[in-house]
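Note that the chains take the letters A, B, C, D and E in the order they are written out, and that residue 1 is the start of every chain.
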Amino acid sequence: MIVDSALYRGGTRVDLDCAPHEFDKLRAGVESPGDFVWLGLYRPSEHELSEVAEAFGLHPLAVEDAVQAHQRPKLEKYADSLFLVLKTLWYVDEDDAVETGEINIFLGRDFVVTVRHGRGSQLRSARSQLEAQPELLTHGPGSVMYAVCDTVVDGYLDVVRELEIDVDEVETSVFSPERTKDSARIYTLKRELAEVRRAVQPLREPMRRLSSGEVPAVPAEARPFFRDVLDHLTQANEVGDSLETLLSSAFEAHLAQISVQQNDDMRKISAGAALVVVPTLIAGIYGMNFEHMPELGWTLGYPFALLLMGAVAGGLWVLFKRSGWL
Amino acid sequence: MIVDSALYRGGTRVDLDCAPHEFDKLRAGVESPGDFVWLGLYRPSEHELSEVAEAFGLHPLAVEDAVQAHQRPKLEKYADSLFLVLKTLWYVDEDDAVETGEINIFLGRDFVVTVRHGRGSQLRSARSQLEAQPELLTHGPGSVMYAVCDTVVDGYLDVVRELEIDVDEVETSVFSPERTKDSARIYTLKRELAEVRRAVQPLREPMRRLSSGEVPAVPAEARPFFRDVLDHLTQANEVGDSLETLLSSAFEAHLAQISVQQNDDMRKISAGAALVVVPTLIAGIYGMNFEHMPELGWTLGYPFALLLMGAVAGGLWVLFKRSGWL
Amino acid sequence: MIVDSALYRGGTRVDLDCAPHEFDKLRAGVESPGDFVWLGLYRPSEHELSEVAEAFGLHPLAVEDAVQAHQRPKLEKYADSLFLVLKTLWYVDEDDAVETGEINIFLGRDFVVTVRHGRGSQLRSARSQLEAQPELLTHGPGSVMYAVCDTVVDGYLDVVRELEIDVDEVETSVFSPERTKDSARIYTLKRELAEVRRAVQPLREPMRRLSSGEVPAVPAEARPFFRDVLDHLTQANEVGDSLETLLSSAFEAHLAQISVQQNDDMRKISAGAALVVVPTLIAGIYGMNFEHMPELGWTLGYPFALLLMGAVAGGLWVLFKRSGWL
Amino acid sequence: MIVDSALYRGGTRVDLDCAPHEFDKLRAGVESPGDFVWLGLYRPSEHELSEVAEAFGLHPLAVEDAVQAHQRPKLEKYADSLFLVLKTLWYVDEDDAVETGEINIFLGRDFVVTVRHGRGSQLRSARSQLEAQPELLTHGPGSVMYAVCDTVVDGYLDVVRELEIDVDEVETSVFSPERTKDSARIYTLKRELAEVRRAVQPLREPMRRLSSGEVPAVPAEARPFFRDVLDHLTQANEVGDSLETLLSSAFEAHLAQISVQQNDDMRKISAGAALVVVPTLIAGIYGMNFEHMPELGWTLGYPFALLLMGAVAGGLWVLFKRSGWL
Amino acid sequence: MIVDSALYRGGTRVDLDCAPHEFDKLRAGVESPGDFVWLGLYRPSEHELSEVAEAFGLHPLAVEDAVQAHQRPKLEKYADSLFLVLKTLWYVDEDDAVETGEINIFLGRDFVVTVRHGRGSQLRSARSQLEAQPELLTHGPGSVMYAVCDTVVDGYLDVVRELEIDVDEVETSVFSPERTKDSARIYTLKRELAEVRRAVQPLREPMRRLSSGEVPAVPAEARPFFRDVLDHLTQANEVGDSLETLLSSAFEAHLAQISVQQNDDMRKISAGAALVVVPTLIAGIYGMNFEHMPELGWTLGYPFALLLMGAVAGGLWVLFKRSGWL
């Protein structure tokens, strides 16, 4: 599906009298370096994409990747174009889950084609932000690539911040005195973090290349912007790593808490048992059939025995408390 | 065993009037660069292979490797030929097991010899796919190497996807409320993953070299294809790593579940014990032999005692439930 | 907020008759290389900073970072200035907690702007130390950067030393015979160490670059000073790593202690139980209703039975002690 | 002790009329490049070795190493000779243990001195294999170095294969339903693997250098042979790593099995206890002394009570089985 | 404190008629390259060191380090001198503890100043060994640096060997059938090993530089000696790493042993309990008050009951033993 297609000339969007899929008309509007066509697609069919590929001369292997989706983030350099694959991430509050989409960018001298798979408004917001900064747009199609990367990577930071909150909750839960079942929660968070890492880590090398001047298609004045994106990426990565380490520590602490609790329970149980079995022994003693047991003849023998049982139980209780057993 | 042998000229298979093992006749049909003979062997005897080695001038160390099998994946450059060792992987559904075979490829200027050990249809499917793409075949024998690598690495991705399903099952089992014995399953999956890694990791360096232009025998226009294979290899590797991390986390969670369950069991047992020992104490009390125990003379003393026992047990039960012990 | 602003000429502070925010007047006082203006800001508003940026020609991306704070430590080179981000750390005794602030340094040919976020007296002490060493001040604005880095990194070493004490305490607690709940303490210390690492590690690369001559703005005679800072940074990092390893080992030892203690408790409980159930059995025996039980008729039967119970219990106790069970 | 000493000329052993220690006579027989003397020593005394050192001009530091043994595998280049230290490994079936020896090789232009410490027939078998391949021997003394390395590294692979069998046994034992004490076995195997790694890993760099052409003493045509050795070394290393990972997983599974078993035991114990304490409660009830207890007067009261006990116990048993408790 | 100061000319110590602190007189005795003054200090005061610094032109930052001690091992190159920091280690038998000192070496063209902090006779033994090898001394002051490094690193190997013995003891203790409390011991050993690593690891880079020819002050003929030191350092490091891995494995095995022992204890306890509660049930049965219980009237009823109890207990015991429960 074609979401939007437009010609940008001298930093501003030009209204052309043509349908979105009349790529040749759009491209014919390019007049000087820096002018370019931006075509935005959403889950294009193979057919749609092959038309686009023909119009803009995209490389077949890259087109195949863009149809299939489920690629690793990567930057491929073909003879006269770049192909960038980005994972998009967003946090779904209701499930505490991280979901992923994919954006592919084909970048030529005078065009940029963005292909989105999965949810997300990254492309729309990138487009509207860019259109508000004409001076950036004059950098040519590379500015689109920068704007999209910036929006996507800011999304990573948002997701990572949500996960930070989740980790804080888990931490509180682990060290709360209640019996909590945190291991499933910790496991799920580790899975989410692995998802984030799969999006973040392979993107570092492409961003490094874009910001270092190894890719000639990126003009020198645009490099600090990619360096900024790389910086945010590194930050997302570092926070992710640190959350993972915290989760591992929290899990270990959880294990320790379980053991401590089991020990506490065992002590409670044993104390409780003592409070019953010792009186039972007393009852057993007064249930013996000896002929000569003076207490048995006492008028107050029975209440005395009950009292004895109570006193012994109470004494034990005090003893357990005082000795630190309970 | 010679499975197939053919001459490819100008991108198409040429029917020659000769037996499969008349290598000289086949080779004589090579007319211009890009023409080549493709000889496919399955578990050749030492004798068969030495004949082939003589006909095509293969290096003795490589031939030795191809007979023995059980080599690590590697790419060796000899004076005028390349030797590539690949591990093949497939998933056997009935055992949930990963099995391995081996493919060796000898690549010369005008010939390619493929040797297969172990099950697998990779070579046949690679041959038929290639024969359907004459334009690829015109790249010469390197196209065969690419096609085989592509098929084999796609096989890795298939295996990894099956293992992903297995890991999901284990995960579900670990967090199910039932008492499961997941540690053996997790162990086996880790073994399978190690098997995969042994095939995947050492192949990365050869693929990198083939895709980077370090190996002159690979024409420049074929490099993006090897880059594509390398990309899939990296993906298989990353998914494998991530599955391993998940399995480790799942195992730890399993350990935690065992501990939690033991604690739960201990609480159930102690509660059950309380329901028995407290009435036993009551019975013990009324079994005492004091002369003056008014209850003993009551007409309804006995039912009263039974009721007391029941009431105490019931009360304890409610207490355990309310206090969160059970 | 402008904390201080001054002109340094020939290594000494010059008293100029102008308000702190009259940057142009200050800068006009620069006469020869090595003279420079040092402007110190604390949590500047966006407006304040944009005025400063205009006056000194700071790069907009750097200014944005300085307003937001919460950046990673980094060194950015712009056309004619450097931008350095440092994390400051200090140890809060009352909570045993490590807290963090941030210092940003803009360095030009004839000016240095330092921006502080969060608590800390690093800038003031750096300024007063520098003013006491005129020969250092003649190195130009780079000497300010060195002095700030030195003070900040010395702060890291202080924090690390405090954490070393905390780790020693945890260690003592883990191996004390008492039942301690060290896992929460260990977890918190690991968090603090992660905080330290987040400040220390990303700073190493900038310091390496400043000390190695890759940054032309640092004069050759100043490099040994940055090498000194890098050395302290490496030391802080190594001690931090080693504390983390110790904490992990201490945690494992804590787990082992819990298990050992549980075992000890179980043995105590079982011994205690034996001391009750065996006499109960004896009482049960003498509670049997056989017609011919000689002991029942003995005058001293009852005391004998009680003695028997006591003797058996005492014997068991001795047995448990001797056999090493308790 | 001089084990063997001989002159090799043109690829074949030359019988000279001289005693083994008449090194000068032997060396005088060298006529053209490729001819060389091979002197084999076993645990030479310091005196013996110093004679050899003088005769062949060996470097004192290398000689010191060869006397002491207990060196790390390494390759040292001196002005006109090479010094290689190899660890030899063999598997002692009766103890399931890996033992180590050491071989030192001094390599000059026209001589090779091999020094063996510890058990092993590597040198003898290397010599006899070489003597059977005159074309290899014509490569000069480097062929001896290759042959020794090849034999030693093949020995590593043998050891690693034996350890693979041991690991398989441990694995079977861990997952067997019996109570096994595998932790000592696993620990020992880890020690053996560490032993192997200490021999294998430091040797990789020397082999890489020998196979890459960095060492001029190795003729170009011999490099593929060292590459082959390096390949086997890498294989030994990879299998070793993978065994270690398996052992760690097996150990973790063992821990899980212990926990599961403890839980199973606890359930069995509690069930067994229930089968006793519930009948005890019944006996207690009928041991109460109420005047009005109709059952006591029944003729069949006693058998009824016994039956009741049996029935309750049986019922509990069925309940435990059905509910999955046992 | 000045421990010793002397002039070495042409490889031998020259007796000069001057006090130890008359540095200028000493230095005036230097006649040709290779002659040098060796000044040995022990815990010099700031004042003493500043005098030395002035006399020999030492760099102030290095002097500061030498006063403070507690530096990381490092090699600093100043304009015309080298500054090397070494940690010394020794093993204190009575506490099984590793202690550390520090040696600083200032190396100029014609002098070497060695500063020792902490216990240790490394410098004295290095000096006497060197004075016995005049040919080494002719290499100039670099020979002193080599001799000190050699002695210090040999000390590392000694310490590591002592720790190897300790680890063997721990190992034996872990797998002994007794209940041992090894976790504290293992923890302490890990701390000692961390101490060793802190001395060894940062020294590797300086030694590599000294042995590789990157430091012009080291003459070519001295490099093999530093290579030898580096080799010993690597060995100390490898053994240290391997001990640490062993300790971790031993700790895990210790945890497993605790669990196994707890399980064994639980089984013993349950068996012991069974031996008491089953007879108690029998006693309870014969304590029931049924009118018609034939056994009660038997003359030998009582002994029969006791026998029954004994027989049942004995039977249970045999059952437990046979079934492998105990």
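Just so we're on the same page, contacts are C-beta pairs under 8 Å (C-beta built on N, C-alpha and C of every residue); 3 or more make two chains touch, one makes a residue touch a chain.
Chains and their UniProt names: A, B, C, D, E = Magnesium transport protein CorA.
Just so you know, these numbers come straight off a predicted model, no measurement behind them.
Asker: Which chains sit in contact with both members of the pair chain B and chain C?
Answerer: A
Asker: Copies chain D and chain E touch; is their interface built from the same residue numbers (over half shared) or different ones?
Answerer: different
Asker: How many angstrom between the C-alpha centroids of chain E and chain C?
Answerer: The mean C-alpha positions of chain C and chain E differ by 26 Å.
Asker: Distance-wise, how many Å sit between the C-alpha centres of chain A and chain D, to the nearest whole number?
Answerer: The separation of the two C-alpha centroids amounts to 43 Å.
Asker: Which parts of chain E, given as residue numbers and ranges, touch two or more other chains?
Answerer: Those would be 255, 259, 262, 266, 273, 277, 280, 284, 287-289, 293.
Asker: Please categorise the chain-chain contact pattern as a line, ring, star, complete graph or other.
Answerer: The chain contacts form a single closed ring, each chain touching exactly two others.
Asker: Moving around the ring in the sense set by going from chain A to chain C, list every chain once.
Answerer: Cyclic order starting at chain A, direction chain C: A, C, E, D, B.
Asker: Residues of chain A touching chain B in their complex?
Answerer: That would be residues 59, 61, 71-72, 74, 76, 78, 179, 181, 183-184, 186-187, 190-191, 194, 198, 202, 251, 254-255, 258-259, 261-262, 265-266, 269, 272-273, 276-277, 279-280, 283-284, 286-289, 293, 295-302, 305-306, 309 of chain A.
Asker: Under the definition above, what is the set of chain D residues touching chain B in their complex?
Answerer: 171, 175, 224-225, 227-228, 231, 234-235, 238, 242, 245-246, 249-250, 252-253, 255-257, 259-260, 262-263, 266-267, 270, 273-274, 277-278, 280-281, 284-285, 287-293, 324
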